[in-house]
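Quick one: structure below, then a few questions.
Letters A, B, C and D name the chains as they come in the text, with residue numbers starting at 1 for each one.
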Amino acid sequence: MALLLAGISVLAALLSSVASLAAGPNGLAWHGMLWWMQKTPFRPVQRGERLTPGRFSRLARTTPFLLLGVSGGFAVTAGMIALLGGGTRTATLPFGLPWLNWHLALDPLAGFFFCILGIPLIAASLFGPGYVREFEHGKHTLSVLGLFTGLFVAGMELVLLADDAFLFMIAWELMSVASYFLVAYQHEHATNRRAAFLYLLMAEIGAIAIILAFGVLAGFAGGLTFEALRSVALTPLWASIAFVLALAGFGMKAGLVPLHAWLPEAHPAAPSHISALMSGVMLKIAVYGFIRFAFDLLPSLFWQWGVLVLLIGSASAVLGILYALQQQNLKRLLAYSSVENIGIIFTALGLSLIFQSSGNSQLGTLGLVAALLHSLNHALFKSLLFLGAGAILHQTHEHSLENMGGLIHRMPKLAALFLIGTLSIAALPPFNGFVSEWLIFQTALQAGGIQSGILRSLIPTASAVLALTSALAATCFVKVYGVAFLGLPRSRHIARAREVRHPGMLAGPSLLAAFCVLFGVLPTPLINALGSLTQPLTGFVLPNISALGWLWLTPVSPEVAAYSPALVLLGTVAVGWLCYYLLYRRTGLEPRRAEPWDCGFGGLTARTQYTSGAFSMPIRRIFEPVFDTCETVEEQTEGPANTRVTGLRYHFQVLDRAWLVLYEPSGRAVTRLARRVGRLQAGNIRTYLGYSFFTLIVLLWVVS
Amino acid sequence: MAWLMAILQTLLFIGLAPLLSGWIKRVKCRLQNRKAPSLFQPYRDLRKLYRKQPIVPQPASWIFRAAPYIVFASTVLAAATVPLVAIHLPTARIADVIVLVGFFALGRMFLVLAGMDIGTAFGGMGSSREMTISSLAEPAMLMAVFTLAMSAHTTNLSQAVNFVLDSGLVLRPSFVFALGGLILVAIAETGRIPVDNPATHLELTMIHEAMILEYSGRWLALIEWASQIKLMLYGVLIANIFFPWGIAQTFSLNALALGLGMIALKLAVLAVMLALSEVLFAKMRIFRVQEYLSFAYLLSVLGMLSHIILEAAR
Amino acid sequence: MGFAGLSLYSQAVLLLAGLIALTSFLMLGQSRLVRLVLVFAIQGILLAATTAVVAGVLDFPHLYISAGLSFLLKGILIPIMLHRMIYRLGLHRELDTIEHPARVMMGGAFLVVFSYYVSLPVVAHSPLVTLNAVAVSLAVVLLGMLLMITRRQAVAHVVGFMSIENGLFFAAVVSTYGMPMVVELGIAADVLVAAVVFGVFFFQIRESIDSLDVDRLSKLSEADKP
Amino acid sequence: MIAAYLVLLIPLVGMVILGLVADSRRAGHINVRCNAWALAASIWLAIDVLVYGPRLSSGQLLYIDSFNVYLVALTAFVGLTTSIFSGPYMAHELETGRVNARRLRLYYVMYQGFMLAMYLVLTTNNMGVLWVAMEGATLATVLLVSLYRTPESVEAAWKYFILCGVGIALALFGTVLLYFAAEQKLGIGGNALLWTVLHEHAGLLEPTIMRLAFVFLLVGYGTKIGLVPLHNWLPDAHSEGPTPMSAILSGLLLNDALYAVVRCKMLVDGSLGTQMAGYLMMGFGLLSFLVAALFLHRQTDIKRLFSYSSIEHMGLMTFAFGIGSPWATFAALFHMTTHSLTKSAIFVTVGHAAQLAGTQRMDRIRGLILTQPAIGWGLLIGTVAIAGFPPFGVFASEFLVLIATMRDYPWLTPLLLIGIGVAFAGLFRHLQLMVYGDVPEGQKAIPANLLPVMIHLALVLWLGLSIPGFLGNWFSQATQLISGASPL
């Protein structure tokens, strides 16, 4: 049943791609309609009106997104059924290799990730039709966009459904390739091309790493289905090789430091609703792959792995947010913050691995739950923020924070939604981001129960890094909101921005915002539902999550820690309203509008405000060693001998260290090697004859 | 009953906060050989502000108007979760110490947003500095708290206090470190000398004041009050976590009276110490604050590690 | 038993083998194209003679055919064609100098030793003494390649190629008394066509780089120019 | 068995007819028709084999088993589609005056001649005839390489001819040794060169001789496969000849040379009982794979680029055959099919792209997608397919190769990983610039027949999604035959 629904959602996604292929301005259906209209001159008089080109193009624009929405809806329902129902449903399709058909399975883990996939998908499909309208008259046809969007979604859903390594890899690569085409969609910009190239290259290498990881298991198991792989017995060495390969492969997709550098290039390059899906959902698919491989397939876990994951995760978290703080392009900033959140998720996974392998399965379960919850939350608020950024982009065609400002007056509704996203991602109570980070902290605080002293000292340090990360995240998103939406507009077109007209472009974000609040306020039922998921993976369910009832969240036990977001919200509203009532209603003193006082300095202009670069300057100074900043100050001087300085222009650019230490050197190495090898093809035939001659001699000498 | 107690304690908290800052001012004046205002001066200030008509700067949006309420509310909620005179109150279950930090963060967030909302240079400056400082102070505070939580095996404040009470007088090195860290953080977070000076409007040095520069009337009153509560809150934290003796474990009348007396005493002593330090030290340059805070961070982490290494249960 | 004890047939075969090897060496050292072709023709005739001897003594009638074929092709037809070409392309006066002839000769000698060493295991498995000729044939093949490597003249390349063919053919004769007829014919046809195609190419190369110096055929190079 | 003879006869007749036809347009149609008939015959043959199993012709001259029958069908198919494409293409070349009518006639004759040689290579049972046919293929194509008579093309043709000639000669020496080894055991007579007989008695053959023989055969036929360092002729020949020729060279000739090597390997393995042949093939394969991958980065000519990618893929197949485990062998067989389908499709699009831009230099080809979406997307999708992305068939084989390598020779996998990565980067760094971006002025769409491309890519897609049953059976039977075990 659930599997059927999931299948339907995959089909719907594929259908949407087919539909958009057919319905493009030079697509089949379009020609078909024209042909049909001029073929039957009299009948479609009334139909003819109904199908004017304008209406047709609107139809062509909306149909694929409608189908995507359907797909999302089915995905969520299927996921819910699988998650709540528990158990695993399997099927096989007559595709693939002759001795290995496609095996499908839908278990609670996949179900949960189906939910993670479905909700942003619905939002994106609400948001899409309005957003893509601006592409309609561009030089790129919408049908390409729709085609690959559908394939992209179908690929992600198939990854979740796959139950054998072969299908898994097919779906995985389908996802990568389709998203590559989406990144390269606006390919007239060289930067987009470069980003797309880098993206696909990394995806390819990562995929090979994953294949090899599967290969290790398959080598011992002799089969490629997940059942066969599960039942394999590995020596610790081989298990570790497989694990490291998998970590590299999935981590590359998820954007773990130092393999992350492609991510901030690629995600902003795509159209915004795609960026939302990529950052919000695709990274979670990578997380799913990692969980599936490490917790489900691998026979046994070792604490060293946990330490490795913990270290990498913490590094990604803190570096990601530090780099995010220094970005001026809004979408790049969001992409870097995805790196941070993935880092947080992997930190939780690392904790879970450590506890799991040191025999403390209940805490391992807690860590896993925290990771899963944060995946869901990140999917929600990151998609929300990307859609918001997309809306701004759509209305103002502005990427850079430096030119924004005061948008809260121009687009109030969007501003409100964006604020919710900001509060959630800044991990403030009572929103959803806080719940998952709180759970992670709770997990880390149980480290006292571990025997090994190294771990007991390592884990708190990691949690310290996590604390730093969340504080910096708050700073980062205060900057985003304050600079983009508050204050005075910093450029003319921003000052003339208007609220989005298309209702869907607000409906999508509001859906996500609603979920952000919902899961923030009532996390307990959700976490309870995850029990059916953790049972097969770790053999545990969290016993007393809801020991004090559904209103309270008590991960370990009521004595250790309790948190009731609902009451927190209630209290805040109550107190706030009380003050409001007492202070305002009673003394009805109407506030008066006036020029800001500003210590008596008058004449405020937009240029006197703090810019985004200025806001993050102290952090830049404090964390100097992390960054690779190049700053330039231009003086505009005049007067005799240019002594009088009339203007200063300050540029700064923060380069990603990963480029300098990892990417560029390897690129150079390849070209150098290629030049060496090029000498083989010197062009002289006698040299060539010499090659074959000596090859022959050497071989003869070798064999005889 | 318990809920009633909780609400009463919260109201008490709110009510006493201005008194504490009045007391601090008084002690300070005495130390500087100045004529001190009355203990109740803060209440008068609040009333005066409350009567005045507030002014909204031109570019401000609803965030500017909503911020004071949210700040005040979050601070009050924070106060509600901290045991003042008694433990085992139900409110302690709503939010543990991590959530407490979250409350501070929430309030700060809106204050900072309000500071940027008016689009002045000072607002942005103050917001930037505030976030910078807090992004260093918050982890330090969390670490200090974690040290406590790990030895008490709980993040629930009243449970922790209970644990310290039960274990009697134990000289834990980790607690010493944590105490040091927490004090440093408290000074930074409440904007006292040497990090910030609440009594100045000198443009280039102010942090907290720069953000609330444009506030007036009842909003300013709320914000001031909130910051007074915050100050007292830190005091109570330090007092009741590290020196919890005397706090009421039952709701009997004399126990509560004793608790009230004790906490008043502790706070008074702390206030004197604070005043002393404010008189002795001078304000730091903004970029020296990071060293100060990283020292606090270091202290807390040391506390954590010493708990792990020195106090490992064998 | 010594060489003297061998049957006259074997001695003949081995003698011819020696001669063929000698011709290969001559070719290697020969710098005038005309003489090169001449030596090549002699080699072809020797090859035919060997085939005939084998055919006669061991009485394989079909070897007569192949003997005739090789005589016609390698001994007469191709040499004449090449000769004509050389004159029509006006190369008969041209000297195709070899750099370090001494080294080349040493290399050739080494190749002979090497091929003997390589073919030892082959020989070991059969009583036939004539098999030692396999070593010679291998040597001829390798010498042919060496010839092609050392010469810059396209014509010389063709000769070297053909002498490789000779080596193969010789190997086939002495080791396996010729290949099956189908194959023989096929090979002959191929050689013929190849010869013709070579002829075509001489002119194409000539008209493209107006010389037959293969070293100048190096437009399609990928090594970055210094 | 009539079908087999038909397959050989039709191109022969085709040669004669095309030799007589003067009008180039009609010649093109006839060429297509011949290939169509040949395809029909080969399908008949395939069904024949499908129904009755391996067939040996009377006189034992021809032998069809599941290993070569699908290659025959593939050859016929690619030959047909390429001829469909070559008609208008050569007409365009005639208009632009790069060729004249006489050469065009030569072209068509040689086309059929080449097809004949290919069929003979595949169907014959006699190692000697195999050699003859292989040499014939060289002779048939060498004049096509220099069809344009440009200095480059002549040079390329000359190198092609000399290098392949020498290489093939060495292969003949190997054949002689093979014959010698066989004769000692099976007695003097014609059928000592018959593959069936040899394979039957492989165990008896003298190992030492077989070892030498294999070295010569590998170097010989390896030259035609384009194994590094014997590959130097390949990029030149592929890039300088007319594009349809490049398509069939890449799509068919390389396959058939590899086929010959594998046949020999089966004999040698049977005789030696060691992995020697396998190791040699693995070594050569891996070397070619890596070196070609590096070469991709330095290309400026679009056809050279893809010919290097052919070398890379042949290297991968050789490597896989060398591993010799069932999965690897299956993968290699499968890869032969998908690679030749994809690569010929790519060459068709490349030809159109080059005509469209008026040059083969890649830095002059820009913005294909905007100029002519069909060509641009065709090239892009084709390259994605050849780079081994699913759901195209190439992925499945590369997947299996990786898994098999991980299983048998894990320490080689890093090399494969690097190789695939480098090769991918080498392909796409050039490709993206050509298909994407804005259109340079003066570049406009041309009449192009992309039917073959679509058919090929559709087939590759289909194979990638699911291998049809009969094909799967053939592959697994062939695997059984080659590696001695079935992948199932």
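Everything below uses one rule, namely that contacts are C-beta pairs under 8 Å (C-beta built on N, C-alpha and C of every residue); 3 or more make two chains touch, one makes a residue touch a chain.
Source: prediction; values computed, not measured.
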Identify the chains in contact with subunit B as well as subunit D, in label order. A
Farthest CA centroid from subunit B: chain C
In terms of C-beta pairs in contact, which of A-B and A-C ranks higher? A-B
Distance in whole angstrom between the CA centres of subunit A and subunit B is 37
Centroid distance [mean C-alpha coordinates] between subunit C and subunit B, Å: 100
Between subunit C and subunit A, distance of the C-alpha-averaged centres to the nearest whole Å: 69
What is the distance in Å between the mean C-alpha positions of subunit A and subunit D? 43
Using the touch definition from the top, which residues of subunit B touch two or more other chains? none
Multi-chain contact sites of subunit C, meaning residues that touch two or more partners: 118, 121, 145, 148, 157, 214, 217-220, 222
Mind pulling the residue numbers of subunit A that touch at least two other chains? 675, 678, 680-681, 685, 689, 692, 696, 700, 704
In the complex, subunit A touches subunit B at residues 405-406, 408-409, 415, 419, 423, 426-429, 434, 438, 441-442, 445, 447-448, 453, 456-457, 460-461, 463-464, 467-468, 470-472, 474-475, 478-479, 481-483, 486-488, 548, 552, 558-564, 567-568, 571-573, 575-576, 579-580, 583-584, 587, 589-599, 601, 604, 606, 608-610, 614-619, 621-622
Touch list for subunit A against partner subunit D, complex: 94-99, 139, 165-166, 169-170, 173-174, 176-177, 184, 187-188, 190, 193, 196-197, 200-201, 204-205, 208-209, 211-212, 214-216, 218-219, 224, 670-671, 673-675, 677-678, 680-681, 685, 688-689, 691-692, 695-696, 699-700, 703-704
Note: in the complex, subunit C contacts subunit A through residues 114, 117-118, 120-121, 142, 145-146, 148-150, 152, 157, 214-215, 217-224
Interface with subunit C, subunit A side, in the complex: residues 675, 678-686, 689-690, 692-693, 696-697, 700-701, 704
Which residues of subunit D touch subunit A once you look at their complex with the stated criterion? 158-159, 162-163, 166-167, 170, 208, 211-212, 214-216, 218-219, 223, 228-230, 232-233, 235, 276, 280, 291, 294-295, 297-298, 369-370, 384, 387, 389-391, 395-396, 399-400, 402-403, 405-407, 410, 413, 416-417, 420-422, 424-426, 428-429, 432-433, 436-438, 464-467, 469, 472-473, 475-476, 487-488
